[in-house]
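In the two assemblies presented below, subunit A is common to both, partnered first by subunit B and then by subunit C.
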Partner chain A sequence: MAEILVNVTGETCPIPLVEVRKAVKKAQSGDTIVITGTNQASKKEIPMAAKALTLKVLSIEESEGIWTIKILK
Partner chain B sequence: MEKNIYLDNAAATRLDEKVLEAMTPSYFDNYSIATSEFGYSMGIDAKDALAEARKTLANRLGAEPEEFIFTSGSTESSNLALKGIALALGQKKGKHIIISKVEDFPVLYSARALEKEGFKIDYIDVDEFGFVNIDKLEKLITKETILVSIQHANQEIGTLQDIEKIGNLCWKKHTVFHTDATHSFTRVPIDVKDIPADLITVSAHTIHGPKGIGGLYIRKGTPIAKIMDGGFQEFNLRGGMDNITGAIGFAKAVDLVTEEENIRIKKMSKRIIELIFEKVPEVTLNGDLESRIPQNANISFHYVEGESITLHLDMYGISVSTGSACFSKSLEASHVIAAIGGDHERAHGSIRFSFGRYNTMEEVEYVVETLASVIKNLRIISPLGKEKEE
Partner chain C sequence: MTDKTTIIVQSGDMDKLYSALIVSNGSLSMGMDVSLYFTFWGLLRLKKGALEKGPLSKMNFFGLGRLLMTMRMKKNKVASLERLMADFKELGGRIIACEMTMDIMGLKRSDLREELIDEYGAVGTYVQEARNSNITLLI
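Then we have the complex of A and B:
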């Protein structure tokens, strides 16, 4: 089970979601996708997209303006 | 992603199996070039197959077979129409061409290329629904005008122009009239016995035919020069290998489009507009409610960006397109929405739903239900959003 890192720090909508979509397509079932970013709208948008794709959001954390979202494929 | 609801049929369509079936013998059994009567039998059969396909295409336009040439698609057809007329008449008559501001890229960029070669191009305005200002057009046509090119249906907002009126005006002023009918051909009847068009661009890719084949109707006697040099194919108007397989597929695709199908498709596009207006607040219909092609619905969703909508719908297995800048290869927002007076935000939030043979009314219901929830959520997180998080 691999961990796929997606760093979209400094990127704004819709780039983070585009990168997440690429990672989700590449990931195998059981892989974890770890996304880090700074755009606040993307922090809300990515879990929405995960729900649409019926993927499990494992955690959403934020520290000093940088958020990390973990999604299980 | 299990669902696959494809609502981008204005861009490309799924090939109909019957089209593939019609084309297959031309790949494996009858694959030669078209020869003259003096050639070998397979070549004569290929020639006959091409002639038969041409006849089908011409008949659908009410034209004679020798008035229709096959091309590689609508881009080449419109390039030939504009540049071929410019080459034939530029020195003899004048260097003035008129097109509308909402033309699709083949016409728009052919005109811009000619502008660089010293032709004067007038880009005529459209009103808020996308209709060309015909009074203004009349004033713009001069003795120097060699061509007017106004599309039949708009590629984004679906508005249908009154090409009979425009054509009559052009003929009254002794000017050649070209219309790009890529998005209306077979979906809306066109008969050249009634429509005074000299040149009509058509394509197979919008009607479940193969990609890479299109055509240009050229009325008998229209002065046009060849721009693709090579052999003497297509009545010596287009050099290059005949795409006989494509032509057979195009003809079959044309035969398969029926009035019943167009009515069914119209019901779906009408329903999606009704449902969106019922379930999603703050939306604007782009184009005219009545005078539009049956397969098109184009709506702007205020306070959200088109890219976000397309991305989120894609996650639910729904394919649509937007006039937003990042979506387009040009990285410019829709010139069509701008021409109908829409601001930046309206262009960026515009979504085109285009229907085809394989869509169903159940899909319409699912799309609107999903869309309503996606828009609501996006408005909450959008910096432009009006909804408040609960």
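Then we have the complex of A and C:
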């Protein structure tokens, strides 16, 4: 039940999606992946990717232009 | 069966390689399989040291346009083609090199970055990949 942090602040398409995919591959079932970033398209697309990978999105938050998305593997 | 993207990479232009690798890496990230079939000018970009050497498809202006584009991409933190290629391979993307192009251009396997190439093939290989794909593109 580890927590895996992925920081893609300042990164642009397609790096945030790719880094999330890499983290998901390495994670064990039950791990939480916490992604922080600033790219607005990624905020919308990371949950889309999670759905495509049949993973659960636990939360999506944003403050002062920095968003945090939590995904359960 | 896993959804799949198959792209013929026919162009060796820098911007078109970006299109091909970004679509590929997006597909891999969203859980799809990806095969890239490198042919003609695209295949030349798999020669050693050639991936980043393509011109812009438009407004290249003998390399000046390309230089300006590269500067703007750096400013916006766009990843290099080498980075995109490394991510592509790490996420399990497959590369097929066109043998007919190799014959035409006089390329030997040792002229190419063999560590990136999963298979050497011809049109039949492409058709078998593409017929089971949900997304097929020619770039």
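The criterion applied here is as follows: the second predicted complex is superposed on the first by the 73 of 73 C-alpha atoms of A that agree within 3 Å, B and C clash if a C-alpha of one lies under 4 Å from a C-alpha of the other, contacts with A are read in each partner's own complex, and residues count from 1 in each chain.
Just so it is clear, contacts are C-beta pairs under 8 Å (C-beta built on N, C-alpha and C of every residue); 3 or more make two chains touch, one makes a residue touch a chain.
All values derive from a computational prediction rather than experimental measurement.
Once the two complexes are laid over each other on the shared chain, residue contacts for A:E11 go to subunit C alone; subunit B is not touched.
In the superposed model, A:K22 makes contact with subunit C only, not with subunit B. Within the superposed three-chain model, A:A52 lies in touch with subunit B and with subunit C [touch as defined at top]. Applying the stated contact rule after C-alpha superposition, one finds that A:D31 touches neither subunit B nor subunit C.
Legend: residue contacts after superposition of the two complexes on their common chain; A:A41 is shown touching subunit B, with no touch to subunit C.
Judged by the number of subunit A residues each one touches, C leads among subunit B and subunit C. The residues of subunit A shared by its contacts with subunit B and with subunit C are 13-14, 17-18, 21, 48-49, 52-53. If you check the complex, the residues on subunit B that touch subunit A are 1, 305, 307-308, 311-312, 314-316, 326, 377-378, 380-383. Listing the residues of subunit A that touch subunit C in their complex gives 10-15, 17-18, 20-22, 25, 48-49, 52-53. Across the complex, subunit A is touched by residues 22, 25-26, 28-31, 76-79, 84, 87, 90-91 of subunit C.
On subunit A, the positions that touch subunit B within their shared complex are 13-14, 17-18, 21, 41, 44-45, 48-49, 52-53.
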